[in-house]
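Quick notes on the structure that follows.
Each chain carries a letter (A, B, C, D and E) given by its place in the written order, and its residues are counted from 1.
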Amino acid sequence: MNFICNFPFFSILLSLFSGTVCSVLPAKAAKAVNRVVIIAVGLMSAVLLLYLLSTGESFIYWMGHFPAPWGNEIRAGVLEAGMALFFCIIMYLSMAGGAHKLPGEVVESKHNLYYILVNLLLSSLLALVYTNDMFTAYVFVEINTISACGLIMIRQVGRTIEAAVRYMIMSLLGSGLLLFGLCIMYDLTGHLLMSNIKESVAQLIAAGEYQIPLIVSVALMCIGLCIKSALFPFHAWLPDAYGYSTVSSAAILSSLVSKGYIFLLIKIIYRVIGFDIFNSTRIIDVLFVFGLMGMIFGSLSAIKENDIRRMIAFSSVAQIGYIYMGFGMGTQAGMVASVFHILSHAATKSLLFIAAIGLTDVSGGSRKFIDLTGAAYRNKWAGVAFTAGSLSMVGIPLFSGFISKLLFAQAAVQVEGKMLASLIVLGISTVLNAIYFMKTVIRIYTTAGESPYSGVTFRDMKAYAVTLLFFILLNVALGVSSQPVVNMIEQGLAMFA
Amino acid sequence: MGPNLFTNYGEAVSAVLFCIGFTNLLLQTNLIKKIIGLNIMDSAIYLFLAEKGYIAGRVAPIVVNGVTSTEAYINPIPSGLVLTGIVVSVSVTALMLSLTIRLYTRYHTLNLDEISMQLKKEGK
Amino acid sequence: MYFILLSIFFPILAGLFLLIRFRTPLSGEKAGTDRKPLLVLTGIFLVITAVFAFAAPLTAREGFTLFYLTETLPIYFRIDSVGQLFSLLAVIVLLCAGFFSFSYMKHEERESRYYGFYLILFGVLNALCFAGNLITFYLFFELLTLSSMPLVLHNGSREAIMAGLKYLFYSLCGAYGALFGIYFLYQSCDTLTFTAGGVLKETAVTQHGGFLLLTAFVMLLGFGVKAGMFPMHAWLPTAHPVAPAPASAVLSAVIVKAGVLAVVRITGYIFGTGFLRGTWVQTVWMCLTLITVFMGSMLAYREPVLKKRLAYSTVSQLSYILFGLAVMNEASLVGSLFQVLAHGFVKAALFLCAGAIIYKTGKTRVEEMRGIGKEMPLTMWCWTIASLGLVGIPPTGGFVSKWYLALGSLKSGLPVLDVLGPIILLVSALLTAGYLLPLTIHGFFPGGDYDYSGLQKKEPRKLMTVPILILTSLPVVIGLFPDTIAGIILMAVKGR
Amino acid sequence: MSKKRPASEYQKTFAFRFFRWLSGEKDPYIGEMEMHPQEEYQPDREAALRHEREHDAIMDKVYDTEHNRSLHLFHRLYQATSILFCLFLIALLLVTISYLPATGTVNRPVNNEVAKRYIEKGLEETGAVNIVAGMILDYRAFDTLGESHVLFVATITVLILLRLNKTQKDEAEISDRRFEPKNDAILQLVATFLVPVIIIFGIYIILNGHLGPGGGFSGGAVIGAGLVLYLNAFGFKKTERFFTEKTYKWVCFFSLSFYCLAKSYSFYTGANQLHSVIPKGTPGAILSSGLILPLNIAVGLVVACTIYAFYAMFRKGGF
Amino acid sequence: MTAFQIILMGFLIICAVSVSFSKNLLNAILIYMSFSLVMSMLWICLESPDLAITEAAVGAGITSVLFFVTLKKIRAIEASEPEAKGESREEKNE
């Protein structure tokens, strides 16, 4: 076995272990460890990705001494490696972009705890990405949930604690349903490994046995993950959690945590149930409808919002609706579009959160729009970055948002029954997005009267500006040269089957 | 209705318990009761799993006298899963309880609705 | 090929350079120290861009692909005659208005932002003219909206911002309508490259004919937003008057023509006139344009504010062009393209005249402008000539275009509309005379009770008058040699 | 000619609004999204107070939960929907369960080759007499590794939430003593006997994890319970002598690191098909079954410390 | 054995329902504790001694202790600041 095949295992264990190590380190060292680990994991994922692209085959890695149905396994394919790499990039940039705000938001003595949480979150995301075992997935979903909750409430204002409680309650409901679905699935198939379950499910379907429990189990798992990833009716916790936590937390939560669950759902769809079997159930229609509703209601709530960070948070609800709409189309193209949207949304949303903090900082810390007037002149980099993010969200060509919308539309055109509904809702949602994002952009570029707040220059915030630059580049790169990424996603999804 | 409802009475009970826990988690306004509901929900799932491992007339999977035949023992997998699950649920419970204390020191109530009312009233 | 790229990216980069180099002063600070280098640089950049834009068609006749947005969506540029025509208009108007604004913008703040976006706009317009397929066109269409918006809300008043938002939302809605169409076309065409006669697949036409018609209609409405067509025209009279006068000139003369170009492209080069002719789409579309023509003139007639009156007039005149395109025969097409040129020059000249008046006297309403001809005779003469051009009095380009339009309409053989069209055009022309000429009349003949004592010479500087003069003379020139120009256009239309 | 209507009335008509839209004067955003420039801030205390009072009054009215009928209605509706949903869920699950394979029988998908191998070869391959222990710590050790990190991350979140600094801790200690029986003789006497027994029992469970029921987690919990009892009987002063935050930190660190490293080694050798140097030992002996015993001890230490830490955190926000 | 199991399960359901309807928090916690004990007995019946011992130590032991501490903490806060109710005190480490 090639040495590179060890990399997924190394990255999971490295980030887990670094979490433990950080608990005895002072804050500064913990920060360094955190950065190094993220970079190391990112490099390993990149190498792994290149290796996988060159071999063109996924591989299975034993976690222990025992092969498939007996021991744990992880599995790496193009999509997994790509996701891991992307998650690392976003996480590094989010951490770097929010680093200067951390001392003001978190008590000094708790900084190293913050880095522990981030490390463990990374490890759980990696495990969710790579795992080939349903129960392992459940355990790491829990780590993900708890560390995300920690990230929400580490900035201890009343709102975040309340948001954390709501988040936990919703998440636990989701976990419960997921676990129950998992147990039923285990009862029907006798396996916990994804590939074995898939074989058994195919046999069961072919034999026509246990149809009802099978569908119920799939539905329970889906609903559980939908609740955890804040699909429309279950999003009540989201605005407070994203709106009031620390900057890096908000960026990470919105762009990575929910995406981890969604990626797990994709894995379940492809590797556990089988894409065709999943599409023959009515579940996709439910996902489709809730996705569409999320797209509209999320945007409507965002328009009403008077607080820039809550507005961005609500926009997340809409964007998650897009992803589920892609699932709901039930075609390969829809799935590709959804996966691409995961990337594009992660890149854009974290950019917006990080840029928004730059704007609020030069407006006396207020997030009200009225105070943000002209903020883009006081902090030019944040202004440009926010504009770029908004344009991407609105779907202007050359930015990543346009490509994902294009992919969704292309996917929609292929599905007879759902074409009109999805295109019309896509249109309405785009226009609504435009309303609230462009409103904000114009607001921050409006100069009016004497401003009581002073601006900042490049010298005051080099690291921050560079982070933003990288974010913008990432966004434009996804928007301009999307074809390799789309090819990679297609290849990865093909490897799943 | 399928054929096995009465044979699977253990699972049926666990389903009922699951839903009781679920309802508690959704409906109770008191946080501590919500947490109890959560625990009941988790226990119900573990009961379900344990029932799945059970085989009538066999004993626990601890090798006695070197007998290692499948006919002697029940299925060990669900027990292992439940063990893992119990740890997860106790961790979550501890976390939720500490959140409760924190909320209570700040808002002096255990009622989540009241807390959000208070938050809205403060005007963000 | 390099000239195409240069003509597109040079001004964009130059504009960005201006935006970065000449920092927009924070509110409260007084600008003006570095005004001179800014103007000089802008002037140089404008001229260089114009040279590039002229040189581009001479050097490159075949298209090239810049890069691939996705595998099947190349960013592709190619110059054809129609694009060249629009490019010509854009370059002339942008140059004249640009030089005009050197003097006009003196009393506005944040000049560097204005010039920066002006240059970016220039590049985007060039790209739009030279775009070789629908997706490239769409890309720059969106960018056009975004880069022209800062011009609309330049002075930062509440009114301007609301107008800018209105402009933005109408445009984005329209663009989404267009994108909606692109999604479908993507399925039913082999390629989205502009090809004369259309690129629809035979099978698609037979299978989803009805749906494609609907798509075409949605796209027409969507792109029609930019051209101020009836149901979505409301942004135009709000957004155009609030911009600074030279920007209004550019908006009214050139940017709305982007909508026209879009309609030309989709009817002629994507769907093909053969597919649309004689369908319900054509009928409905013609009705909409005629409604717009009449309504625009009526609204302009009762509007007291000068710039707003001109904006309504734009609504009306643009629909002349769209009407010609909707008729879809040779004569009407020639008329339309002729009208594009004529209206572009005339409307730019009129807005610049209005700008000069506002700059010198500060008067905005028509009834305040009695006796203005005594103060600014040159400007008012230009106004008068340009007005005659818009009304369609023989020696000007306006007459030729309307002649061809009427001819095309009568030849088209459509029931009712073939006669109704020319009649409405005629009525509208009368209304045009009715809302433009009173200014001349009251300006030169203020009436017996007018007090001549307060008059003084207020003729603006050369930097203002020369662009106005150039723009006024051009429609007359094209009107004097109608056959030549029409021949060229005809060749363009036929040769494609 | 119809009579000319007054302007205010005319402005309400449809024709007026239509005409306004037609001429582009209507602005749908005004009133919805105000974009007017920022006004200069003028501190007007009187107005501010008045404003605040008004705001409070409005807020009181809006959020008057007892008298707000629509809110009440919403609450009812929410409850009714939830109950309906739960009933639906019960019905659904019962139906599902009725279709599941019969419990207690042998011929079920669950009793497949996986369970067979665990039982038949478990003793030989892992060396653990308790097959469950062998399964969770060897066959499916990755899950268990994750599980112990769940506990770890939960402790971290509890630390974040409840750890206080020095002065706050003193305050908390005072409030903590309020309901505390101070130096209860009976409790202390019982504790003196019970605590060693409990702790020894816990150690037994841990060490016996691979031989019989039990293991690191349950044993650790028992030891933790013993420590909690000790703390309750003798107070923080006594426990602080041997157990501080530092102890906790390092014990946790070493145990978890050992766990991580040991398992990494085992995973690495397993996946690369290398020979593992860890001896399996004789099944049934206390020093047997390879890594399972040390892992159980590590888990037991972590759990015991964590339980104690939870308790101490909850009581006074520190050790 | 089956009868015993059914009785235990009946207890479980009774406990779960009465937790939902008990007004007093202390009662609720006590009932939950007995729920855990019954559950651990049930697991003995289901031949899973590992689970039984863990559930007894954790569910009935540690979880309940944590609940009690929480309750006590809340009572303590209630007693020490009866007048502060309704007025939101700013956190010191905010």
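Criterion: a contact is a pair of C-beta atoms (placed from the backbone, for glycine too) under 8 Å apart; a residue touches a chain by one contact, two chains touch by 3 or more.
Every value quoted in this text rests on a predicted model; they were computed, and no experiment measured them.
Undergrad: Note the shortest touch-path length, in steps, from chain B to chain C.
TA: Between chain B and chain C, the shortest chain-hopping route counts 2.
Undergrad: Most remote chain relative to chain A, going by C-alpha centroids?
TA: C
Undergrad: Let me spell it out: compute each chain's centre from its C-alpha atoms, then which one is farthest from chain E's centre?
TA: C
Undergrad: For the pairs C-D and B-D, output the one whose chains share more C-beta pairs in contact.
TA: Of the two interfaces, C-D and B-D, more C-beta pairs touch across B-D.
Undergrad: How big is the gap, in whole Å, between where the Cα atoms of chain A centre and where those of chain C centre?
TA: Roughly 44 Å separates the two chain centres.
Undergrad: Find the geometric centre of each of chain A and chain D from their Cα atoms only, then give the gap between the two centres in Å, rounded to an integer.
TA: Whole-Å distance between the two chain centres: 21.
Undergrad: Using mean CA coordinates as chain centres, what's the chain A-chain B distance in Å?
TA: Roughly 28 Å separates the two chain centres.
Undergrad: Please work out the Cα centroid separation of chain D and chain E, and write it as a whole number of Å.
TA: A distance of 15 Å separates the two centres.
Undergrad: Touching at least two other chains at once: which residues of chain E meet that condition?
TA: Where chain E meets two or more other chains at a single residue, that happens at 49-50, 54, 58, 62, 66, 69-70, 73, 77, 88, 91, 93.
Undergrad: Hunt down the residues of chain B that sit against at least two other chains at once, touch-wise.
TA: Residues 2, 10, 16, 18, 21-23, 26, 51-54, 60, 62, 77-79, 81, 83-84, 86-88, 90-92, 94-95, 97, 99-102, 106-107 of chain B touch two or more partner chains.
Undergrad: Scan chain C for residues touching two or more other chains and write them down.
TA: 156, 161, 165, 169
Undergrad: What residues on chain B touch chain A, complex-wise?
TA: Where chain B meets chain A, its residues are 2, 18, 21-22, 25-26, 31, 34, 38, 41-42, 45, 48-49, 52, 77-78, 81, 84-85, 88, 91-92, 95-96, 99-100, 102-103, 106-107, 112, 115-116, 119, 124.
Undergrad: Over in the complex, which chain D residues touch chain C? Could you list them?
TA: Touching chain C from chain D are residues 21-30, 33, 35-37.
Undergrad: Chain A touches which residues of chain D in the complex?
TA: So the residues of chain D touching chain A come out as 33, 35, 37-41, 92-93, 95-97, 99-101, 108-115, 117-118, 125, 138-143, 145-147, 149-150, 152-154, 156-157, 159-161, 163, 165, 249-250, 252-253, 256-257, 260-261, 263-264, 266-273, 276.
Undergrad: Touching chain D in the complex: which residues of chain B?
TA: It comes out as residues 1-5, 7-8, 10-12, 15-16, 18-19, 22-23, 26-27, 51-56, 60-63, 66, 68-70, 72-73, 75-81, 83-84, 86-88, 90-92, 94-95, 97-99, 101-102, 113-114, 117, 120-121, 123.
Undergrad: How about chain E: which of its residues touch chain D in the complex?
TA: 49-50, 52-54, 57-58, 61-62, 65-66, 69-70, 72-73, 75-77, 79-80, 92-93
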